[in-house]
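Paired with subunit B in one complex and with subunit C in the other, subunit A is shared by the two complexes that follow.
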Partner chain A sequence: MQIKPILSALRRHKAGTFLIAAQIALTLAIVCNALFIIQQRVAHLSEPSGIDEANIFVIKSEWVGAPAPDQADAQMREDLQVLRQLPGVQNVTPSNSYPLRGDGWDDAIRLKPDQVQDSSGATIYFADENFLDTLDLKLIAGRNFRAEEIGHMDLRYKLAPPVVIITKALAEKLFPGETAVGKTIYLIGGPATVIGEVELLQAQSVEHWASEFAYRSVIIPERLNVSLGAFYIVRARPGQLETAMPAAVKALFAHNPRRVINEDDGVLSFSDVRSRAYESDRGMAILMGVICAVLLAVTAAGIVGLTSFWVGQRRKQIGVRRALGATRRDILNYFMTENLLISVGGVLFGAVLAIAINLWMVTRFEMHHLSMVYLMAGVAMLLLLGQGAVLAPALRASRVPPVEATRSV
Partner chain B sequence: MLKMTHLSKVYRTEVVETYALRDFNINVNEGEFVAVTGPSGSGKTTFLTIAGLLETFTGGQYHLDGVEVSNLNDNERSRIRNEKIGFIFQAFNLIPDLNVFDNVEVPLRYRGMKAAERKERIMDALERVGLASRAKHYPAELSGGQQQRVAIARALAGSPRLLLADEPTGNLDTQMARGVMELLEEIHREGATIVMVTHDPELAARAQRNVHIIDGQVVDLAEDPRFHHAVHAARNNAPA
Partner chain C sequence: MFGYYLDLALRSLRRNKILTALMVVAIALGIGASMTTLTVLHVLSGDPLPGTSATLFYPQVDPRDMDGYEEGKRPPEQVTWTDGMNLLHAKRADRQALMTGGAVPVQPAQANIDPFFSDARYTSSDFFPMFKLPFLYGRPWSESEDNAKARVVVISRTLNEKLFGGKNSVGQTLRMKDSAFQVIGVLDSWRPTPRFYDLNMESYGSVEDVFVPLTTARDVHFEHSGSTDCWGTGGGDDDHAETSPCVWLQFWVQINGTDKVAAYRDYLVHYSQEQKTLGRFQRPPNAQLPSLMEWLDINKVVPGDVRLQTWLALGFLLVCLVNTVGLMLAKFLRKSGELGVRRALGASKREVFAQLLIESGVIGLAGGMVGLLLAFFGLWLVRKQPSSYAALAHMSMGMLLVTFLLAVGATLLAGLLPAWRACQITPALQLKSQ
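This part shows the complex of A and B:
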């Protein structure tokens, strides 16, 4: 190996060596953290909602005029009846929101009436007895609502249902190691008895602030009547989503044309809902990916540029080495080894920098600690990038003929 | 040791063929000190680069130490350059980024020699040229004469069978040139075969034999009367 003379030569070219090593270090630090953020965003994108996404669509129907709560409830029940009769519809339920909607009702849950500190936050889903079947939620304890338990309310009333169904995640938070069924929880309006637990139901928001209670939800047996309109969550029969969506809109207008269903977002399949919910995450992941690609390209270009410059500058020296017995492979190895030494220096410094940047982001932006797997992968990627980038100029160097030694500069 | 028979070297472009060497014949025996002389552009350096396997020739035969070299591949040529030939260039051709020790070490590393043996050979070679104390110096910290001595040490460290010198004193003042020449003579007395290209009649006179090249061919020295007389004069003036 020629490590000692190469190091000796590099010491005489400190500026170029330092610049490339620094560029590699900076790229590693940024790329490691960016890839880690991308991974977290991608993992966030694929978090399960707990519902039958393939067959569910959502209709947002706004009333024309401002019907009184009782009138709105009557219209809502008629709409539900109309939708339920469609051949492509398996079930339908009204609600104030749905997972990933990004807007809805979140509330504090307490275990005692005079409790100062909340026990947990939770998303509140208004529902009827068809909610569980429509969303295909798995009941793991207790029972579903009965039809006679379903009430209706408007925003003048406090939230105080006599019974609720909660998610397993909320049950584990409120009553660790115990069943929640039969227990009392306190909503903002008063006590409610838990009559059932469902396996999984994601919150309406996927934003960072809601991450703590991402799967803590409370389902209450009320239809929410607001003058603006209502959400109908519709579960199509398997394979009939595409036909059921326009059929549902047509049927609603046929029954009562005094409504507005927005062309852009009035009817959304759940894949549209998911796509809209994670738009910023996806955008951030793409942006980070582009930044990584640009940084890697700039670093590779820097290595190619500097090595090409050095090859040009050392053409005579390469000829001398060839004259003294170096084979083409020896010359190739020389430049590859030289790059490897610079890259190793760069990645060592870069690894420290990557950890430092991550620690700063952990304290500043509540990020997770950088996984060593990402750091190792980043180190391997930068070393491979360096070797790949130096290959072309190194091959060019290896083709310098030995007779170059006799030519005057 | 070195035998070229009817050797030719042609540089071709799309429109013209230029003969650098034509029907070139030379035979250098083991232990000889031969000076190759001739005017500028006569083909001296081309001869040396072919002799040193730095470039290929177009026709004819070249036997080096009994081996016909025309069919050797690049790796085999590299190995022969490394093991059998020592080069001394006019411009010294030391690697400026390496100190004296590392410069002398370059060919030995390519031979895959162990570190202990490399060190012993390097220090022996540097002592022989009187520069052992400068082992850690860089070329830029040495005079021209010292740099050429380092280049000679580099050539000697590998114990080559043939030493090729291209105008070894061309970049040196008279005093330094004399020192380098004395060193070459000493190396020759110890048994080395030396082929030295020079245009200096005084240096040529100090070799055992002169080979004169004109227009890419070996000619009788008498065909270049001015150079012939200059060599004779130099020989007559040389100290006994």
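This part shows the complex of A and C:
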């Protein structure tokens, strides 16, 4: 295939060539970054929570009036009793929060009392002895809390439990290469001994600011009593989630009506919690996907349109070439190669632009650096798109009969 | 001539329907996407209190201990009770209000309404005149009622409709957390966007339903919600919030006149020094006085995703425009023969140029109209989203105008190069090659 005549032909169509190349470059730059964003969002929303999501639901019960902490604790224990007796309920635990909730209590962990710089941030989960079983957490070292170790506290007291269970991620951060069980960590209120380690438990916030300690959680053996109320995390027996949710609310109101359980978010199955936590990520991924698809379609249409024009314009020359002995294949190849040359120029420029846009987004939008795999995928996609789009006009060109050479119009 | 050119343009566009449709659709998609995202961005980055916002400021002082001190870092985002009360009572600004958010259990008198939690704002009295809240009935409370910890409440229009059927409820009693409050005012609809005065809560959420004096709220132990940041020995519990080293209140001032702003800033530095001498503050004085709009900027209130989407849509529009330029170039150059005849018959380059620009303008207008429909559809989709700002996504008259100007302007711009290239033909050559 002769490249030279193609280049000299392109030189006579500078504006058109430049426009197609520019469009390919811009499309590549946008599509690469959009695909990369989609991948990041999808990876983010597929992070495991570490709990038995299929069977868990959460009740947010708020007290009416202002029960004193001791009274609130008594009411809470009664509630737990009521819930545990329901036939569809396997286990229940009270907590101040749960994974993916959005906000809650985060704290700094230190290894020495006089340490200035914190060793790590961590999510604080208040729990009782049923927490591990209810959430179906896997204990990989040490032991669970005993019933007599569970205390109760309100916000007047500093966070200083004698024992805690931590996640593997936190253990590895605090004591790399060592076993965490038996070690002492310092919470804001004082020292605590690590008695157990669980495999995986996600933080309550999945926002960017919390990503540094996403899986570093501390489980505190206390029931937290605030007069506002608490969360009851309930694990239904397999397959009974649908019936257990309304039954639990009914039972709680039957036992003690002086409470508020919001209609819209008072009782949430964990799948609801998950979709609420990630709805903006999912929306963004879908939007990016749609934009990519439309963008590729527009670019393809543009290539078809402009190449069709060129084919129409060069009918006579094509006829001459055919009359002089060029085969149909030669004509087809000519237009395919022409497009390939323009596309290569476009993707080269587009690759640079894609990286530039990514660097700009890194500074402005908490984005990671573009992985080269996405750039390569984008380049391949646009080259294929160009060849695919040019095929129809090129085939039409190859069908121009040699007799066209003799026609005057 | 305009009518004739328009006729020519329409004929030309009709001749190649697919190409025309392709150009119109490309422009429409680009315009639709850009206008949807620009409208959302416009709504979210707007001025919550037009006309007043320039006089509103958010004083910040740094009462923390030396633990974790870094020079040049901003002071905490809120104030402690002690500093808030000191600054409030100093009355160095034209108006000042100290406030925080909360949730209160409302116990309706009617048996058929279950008790429910309402979002509440605990604030001092200047809140209402300073932020220009509209009253449907009654009045705000006064400073003396602040000081007397009066059991008074101002409620929103929504809550008034829920509890009192929308009637004038001034003088009625409202029970909250087992205490009786007298309704003294009912607000009319008010929704500053963003809800600037407390950015710890949803920035684009609706305004609270219940307003009570801050002093009263402390007196009857209403729960405080929002952010509480403590240092040193601070525990963050509600019962000792007045004395513990925690920031949990927002303090706003209204200052009319730029010279007084500088004076207030000096006052804040002076106050910090004084507190350091007293031993309360330990850090070097770090006083800031951002204006309302600066404060929104510092807190990056507009969600990053919204800004990202806007850039994405504008990039999309750019590709659509480049695409249109290419297609138009093809189209105009294809008409070389026709244009050659016109030129040979006496039309000047200018006239041919005008004719071609009118043709691209028609495409722009059509693209703009379809794009506008797409933008309305896009905004409808945004409103279906569950985010807190979803309900605010509406097209304004200004944005409508911008859409049209953008569509036609962009397409005319896109038509410039092809039209210019098409004018450059030599009529004789074109006629000969026929």
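As a working rule, the second predicted complex is superposed on the first by the 400 of 409 C-alpha atoms of A that agree within 3 Å, B and C clash if a C-alpha of one lies under 4 Å from a C-alpha of the other, contacts with A are read in each partner's own complex, and residues count from 1 in each chain.
Please note the rule applied: contacts are C-beta pairs under 8 Å (C-beta built on N, C-alpha and C of every residue); 3 or more make two chains touch, one makes a residue touch a chain.
Owing to the predicted nature of the structure, the values given are computational and were not obtained by experimental measurement.
Enquirer: Return fit or clash for subunit B versus subunit C, each positioned on subunit A through the superposition.
Expert: When both complexes are placed onto subunit A, subunit B and subunit C end up side by side without any clash.
Enquirer: Between the C-alpha centres of subunit B and subunit C, what angle is found at the C-alpha centre of subunit A, to the nearest 10 degrees?
Expert: Seen from the centre of subunit A, the opening angle is 90 degrees.
Enquirer: With both complexes superposed on chain A, which partner does A:325 reach: first (subunit B), second (subunit C), both or neither?
Expert: first
Enquirer: Which chain, subunit B or subunit C, ends up touching more residues of subunit A in the combined arrangement?
Expert: On the superposition, C touches more of the residues of subunit A.
Enquirer: Applying the touch criterion given at the start, work out whether A:283 contacts subunit B, subunit C, both or neither, answering first, second, both or neither.
Expert: Only subunit C is touched by A:283; subunit B is not.
Enquirer: Quick one: smallest Cα-Cα gap between subunit B and subunit C in the superposed arrangement, Å?
Expert: 8
Enquirer: Which subunit A residues are contacted by subunit C in one complex and by subunit B in the other?
Expert: 408
Enquirer: Mind listing the subunit A positions that touch subunit B in their complex?
Expert: Those residues of subunit A that touch subunit B are 2, 4-5, 8-9, 12-13, 316-317, 320-330, 401-403, 405-406, 408.
Enquirer: Using the touch definition up top, name the residues of subunit A that touch subunit C in the complex.
Expert: Listed in rising order, the residues are 15-16, 19-20, 22-23, 26-27, 29-30, 34, 37, 62-66, 116, 154-158, 226-228, 258, 260, 262, 276, 279-280, 283-284, 287-288, 291, 294-295, 298-299, 301-302, 305-306, 308-310, 312-313, 361, 364-366, 408-409.
Enquirer: Give every residue of subunit B touching subunit A within the complex, in rising order.
Expert: 45, 48-49, 52-55, 74-75, 78-79, 81-83, 87, 89, 91, 93, 95-99, 102, 105-107, 109-111, 154, 158, 166
Enquirer: Tell me, which parts of subunit C touch subunit A in their complex?
Expert: That would be residues 19, 22, 26, 29, 33, 67-68, 103, 105, 107, 114-117, 177-178, 221, 223, 235-240, 303-305, 307-309, 312-313, 315-316, 318-320, 322-323, 325-327, 329-331, 333-334, 385-387, 417-418, 421, 434 of subunit C.
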